[in-house]
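The block underneath contains the structure these notes are about, expressed in structure tokens.
Think of it as A, B, C, D, E and F in the order they're written, each chain with its own count starting at 1.
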């Protein structure tokens, strides 16, 4: 039996337990009291943020920490792994969740049943996916995340949302089936599910079994690519994001990132550069697909009829950009990708929340890109939109620009860099065009501004302002941030420290030097 | 194992299988739904019953301790099979005008429950 | 036996996928059910096949089949029940709200919902 | 008091037996647990079984069970013959109406079940007032005889047991 | 550090105007002016050092990872430009105070203006190329806001968008270009790059870098063929036009060419591209300007022409031409800003900017008129004004330039451009200010308040001063700036009014003469022009934009058509292709594991599967039949699990299938009962083929695995299950112990499903859904909802099921069974009560509601896991032990069983809740009060008596 | 002897399964198919009991028990659907 562990070590499981128990409590005790639900939900999310900060600080020492559930040794029990990368994702999730929840507390949460429990369960699923070090457990947490997202997606929705929801669920069920096939093949060949153990065993695969293993690896990759909305597996995204409520769409910004995260984890670590005959198994597909994703997202953005459609395609385009960086599978690319990941999550969320406010404010015209009577707070909303658009297009001075420059620099090692540059910069141009068109129709081409129109609700504005402030902060803190992410990327691609931390608990802490 | 017991077990297995087969045969070849309904109920009783007795005898003999849990299967089947059969009969009766024309009258003011009109409006 | 099971998995997969391609919700749901049968069997088969070797520890057993895929499949069965229940309800509500159980999103040009 | 603690004493007995059968052993532990279950479960489920049929005439019960078992074996063979050897067009399938004298739902249920489980007859429906049973006969040359047999062999005994 | 503040002050100052606007428009303008003045003062504090040849620098690190630092340096070029930007900015602010009307939100205007100013200063002072790019794009963004300031006007919006797309787009190219330059030079600091020109020009990246940089510069400076956006940007308020489109932003491109001149210039490519682009722009701008009737448009194209002039000079690549370019930049800044402001005053006073409706204004507004006439003389290149001097230098350089062996091209076309330049200047001056005073103006024009004309006057002073005493007034500045541009020793030159009879003088005179002739024949020339095709840039841009939007929309709609089958098809095709690639691109060998012999039951079961599946394929239109067949498949799958030693799986499959079937039936009741045949035969074959291919692939993979041996971590589970987990059913111990965390999450999945179902069906009980439900007439149905036999059987079954459930639960740790299956068994028994006796009757008798089961289940499972914390163990650490009780004997107690109890409760709750919710919707069809009795058969009173007795 | 009996019985049950499948395929009515499914469950129970005897193990008993217990629920649900539309009302 291993020695008893400290209270701080338990903090690693708390990002999963805290929302789960909060949700259970909300269902059991507060399901008929919206106000109290709000308070508890906000408090729990605040606590989660504090927790994420603690974990982030914990991970900053460069140690990979393993938490062995049930006290079973790895690879037999399920292991949670906290490293810089997972801590970053947890922190991002908590920040995003806080902002989104503030928006939802403005009234969206009361339009259907069980918003807050579903929200908390969603957080549980996301955090669980970021923390797990086991591929089957990743499947289970994907399902937690997805089923909660189905609930949130449909929360208080109308007919259009239901149809989009059906497609969303159906496509994800298809993906879940493929997930099981992929995991099954990987288990069948390697005999293990633990990612660290897989990282050890995959390079040793017998030549006779390599094809089965590689097929499994690629099928699994396609599942993650589906979550990450990589073309041509992105079909579920536009209607889902455009069809759901603003806070749900904003929270879903992190869901696509879970796909990207899984790609980093599994194809950077298990099937990464050190995977012998299966080294970088997914790499040949990521880059072309990412480019296609960028192109499709951009074209969709230009052709959008509604602000929410535009936002959804902007998300697709940003996933393309992100995966271009991830697809390099090197430290520079990954650091760039991670910086951009944080940025695009916050920016996309801000845009969706703005779209939500616009929809409320414009009444019958909703968020369609057609001239309509002026809405209350037009100038303010226009300004917020302008900032969000700058962020998403990746124009200076916000963090999108920094992220894009990082990516441009990182892809110079890639043979097709001129094409990538052309795609990224050309997309930026078209996105500039699309956003300018949308913004000038929504915020400029309206009737005379009337002071009598009601201003947008305060919680919604506060949420947007917080997100935009976070983006500004992310740009200002880009120096230390990129430094930290570079360490995170290095650590994420370093098989040995991960393997040692998970499989050799007795070994001295693998500290980076 | 005692050859007598062995023979008994073998015989019971064969009897069970025979009645199962006959039940299925009835299901397959009898001309209408109500007649076909008779087939499986036979399989349920003597078919499964014989097999279960075979199992009881066999395990009691091989393990030296009395094995009776097989009886529970029979218990459940006796409890549920008539329900299945009647529900099927009722469903068929409701759906088939031809079948309705064949039923005998109740001999009372009230009609058969499946065909009665307004039974629960009256309540 | 292996070939039989593999073929069975293949058939279930093919039928399931074919149904997922139908343009109405109910066949899609049926297809997903078939698909989950197929996938559960597939995952199960990843532990290889063994006859009369249940993974229950008994004193004189010669060998056991691989218990891990069984546990995974059990989890998968339960999860897919939850998913199926949800998508069934979703299809139903979609139908009740729109009067169509087509799985198409209504295209802006006023599309091809069915009249049933 | 007894009625409150043991709403269905026979059920309690049945449950204890079922549990012991299930465990396939009769160790003290199993019996104790069986007794606990036999007491607790009927209490938990009492609301779902509002009537409290008092079974009388235990000997009649025994004879009823034996008769039914015998009838099952006998008519199974009979029906097997019909299925195997009788051409379909020579089947004398018909419905018969069995007017009921028993009124307890439990008794009616047992009668209907018995009819179905004895081959050759299926209880197809009950009249809306619960006073007649519709029975489908696979091969009934003498419908009145069949009705009379049902009433005499089964219903009369059930009336004694339940009412 | 103060140098950094020159850039930062306008940005922070931008917060000021909206804050002080409440105190009045004067205060607001003064605050803005003060900000600019402060920045200017800070800049000027470096003037002595700069003029002494020092290069002040300052830096704040920002993102070292990408080479981005906020670093500035003030060499001659940067200093000059910064000074110009801030000075003209100050004048524009004063002017704008009077120009803007009361309805215009002045606070916002000045905020935008200061943001722009800061960005512009940032561009010219940046020492870091990425920082330069940041500011560069910010000028595009802020100019977008300024051009679109009158946002309710369509032309303002269009102009703003066009400017943003063209200049912002060019900026994107510039990003690429400068990154390549920096990479080639090995530094992101301009001050270092500037001395590494040779390395850059020798680099293979030079050509792409040059082209991209030029794209950025040309778009910003409206060079041919990107000149079209500038006139439309004139929809902006005049102060904006004056500031951005004459004095500062458009010069950013020229600035960049000058800035990078030591690095990029001097090659053939540079000359071959830059010089003709400048020439063409100069010529075309001048020609168009002549025929513009709108004052601002005329001035705008004049600006285009002058920017071309500067570009051409820089393109020559010679130091002398560079000096000329710098000199012209100085001169143009002064007279053009003055002219823009004059035009604004005219517009303001007369209400029109149309030359055809103007004339003789010098008599009505003498101050403005005089100033404007002086400035336009300079624009025409009349001697004694500064415009003349730099134009002469330009002509002199052009006269000596041969292009691809054509030595007449540049001299002749430059002269023609000069001709047109004189002509439009004259037309501007004469048409507006000279001639007879007109009296058909809406209001009698007067000279404006001093605040409006004073800035013009201030600008006219250098126009004349430089024109007369160039060496004294402009000499040091030109030397300083040109020195920075050339980055080496200055050539021999002499700024003077008279150089003797030079080729330039001849060309100049020819231009004046030609211009006179042209103006005399203006009517005919105009008529000729009208007959030529006149491309309308705005219309073309708008058409192209609309086309782009429509094309994108079509492209997206064509694939994103909302069709699930298509989406699924593409996804599956991808899966098959990538999976296939994965298999064929790696090594494979057939397995050697001995196969199990086929048994007859297995073969029969396979046949059944084949038949049922095939029939589903053919008959899925009949939904009920398809459902029955699915049930058959479920039975076979359960049998397969049994056959291959997985009793737990079989038990689970059997019971889950029951619940699923009921669920589907509940839904089918309200859904259409048939699926209409829709797809064509071709579509069905295509789908079938794809599905078949995928099925084949999955089957092959399964077969591939099953025919080979492998090792797995499972040996550990088999070994540790009893000693470590305390149970002999390894599957159960994995579920509740080794991998209890999976199970914990899994019951939460179930819980969420129930919540979501609840949330989804709740609203179905109101609104359109209810109308639709009510419209569904009860179909032909039996009135016997709760048959007696069914009710009686379920009454017995419930307690029996509970016993069985307990049994399955208790022994699950050691034999097949466990919490899941027990939960399912109990749930089914409870659901049977609903089915048999009706929801109302049964629900009344349920002691605890389903939601509480779920909550309690999750809580028990979770708390069992958390309990381990107390012992310093991780979540879900289990323990077990053996207790010995009298009579009962020794039995095992495991904490994992408490966990399993949580699982059990959750499963019961979820199953019951989901089905009950679903049935609730259907019960809306028949709103009649439900039969309170558990049976529909109405027994005679005798029965009740008998029961009571 | 038992082995032979089991082999013959397995054959007979498989034949029975085949006949049941025939009814499943030809129907003609939904009630016929439900009846076939119900019969299939009975035959599955028989097979399981037979396997139990053949392998000499009680490990599969619960599966048979469960089939016997819940198999009829499916049948009842289908019939209830045919009779009333709503399975739970």
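Throughout what follows, a residue touches a chain if its C-beta (ideal position, glycine included) is under 8 Å from a C-beta of that chain, and two chains touch if they have at least 3 such contacts.
For clarity, every value in this text was computed on a predicted model and none was experimentally measured.
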| item | value |
| --- | --- |
| Each chain counted as touching subunit B and subunit C at once | E, F |
| Set of chains adjacent to subunit C and to subunit E | A, F |
| Chain whose mean Cα position lies farthest from subunit A | D |
| Chain pair showing more contacts of the two, B-E and B-F | B-F |
| Distance from the mean Cα position of subunit E to that of subunit D, given in whole angstrom | 73 |
| Distance between the centres, which are taken as Cα means, of subunit D and subunit A, whole angstrom | 62 |
| Chain centre separation in whole Å, for subunit F relative to subunit C (CA means) | 22 |
| Centre-of-Cα separation between subunit F and subunit A, whole angstrom | 48 |
| Shared interface positions of subunit C, touching two or more other chains | 20, 25, 28, 38, 40, 42, 45-47, 52, 54, 56, 68, 75, 79, 82-83, 86, 90-91, 93, 97, 103-106, 108 |
| Subunit F: positions in contact with at least two other chains | 10, 13, 17-18, 30, 34, 58-59, 65, 69, 71, 76, 78, 80, 83 |
| Contacts with two or more other chains, residues of subunit A listed in rising order | 136, 140, 143, 147, 150-151, 154, 159, 163, 166-167, 170, 174, 181, 184-185, 187-188, 193, 239, 305 |
| Full enumeration of touching chain pairs | A-C, A-E, B-D, B-E, B-F, C-E, C-F, D-E, E-F |
| Residues of subunit F that touch subunit C when the two form their complex | 55, 57, 59 |
| Subunit F-facing residues of subunit E, complex | 599-601, 603-605, 607-608, 611-612, 615, 624-625, 627-629, 631-632, 635, 638-639, 642-643, 647, 650-651, 654-655, 657-658, 661-662, 665-666, 668-669, 778-779, 781-782, 784-785, 790, 797, 800-801, 804, 808, 815-817, 821, 825, 828, 831-832, 834-836, 838-839, 915-916, 918-919, 922-923, 925-926, 930 |
| Subunit E residues within the subunit D interface of the complex | 783-784, 787-789, 791-793, 795-796, 798-800, 802-804, 806-807, 833, 837, 842, 844-845, 847, 887-889, 891, 934-940, 942-943, 946-947 |
| Subunit C-touching residues of subunit A, taken from the complex the two chains share | 136, 140, 143, 147, 150-151, 154, 158-160, 162-167, 169-170, 173-174, 176-177, 180-181, 183-185, 187-188, 193, 239, 305 |
| Interfacial residue positions of subunit F with respect to subunit E in the complex | 10-11, 13-14, 17-18, 21, 24-25, 27, 30, 33-34, 37, 40-41, 44, 47-48, 51, 59-60, 62-63, 65-67, 69-71, 73-74, 76-78, 80-81, 83-89 |
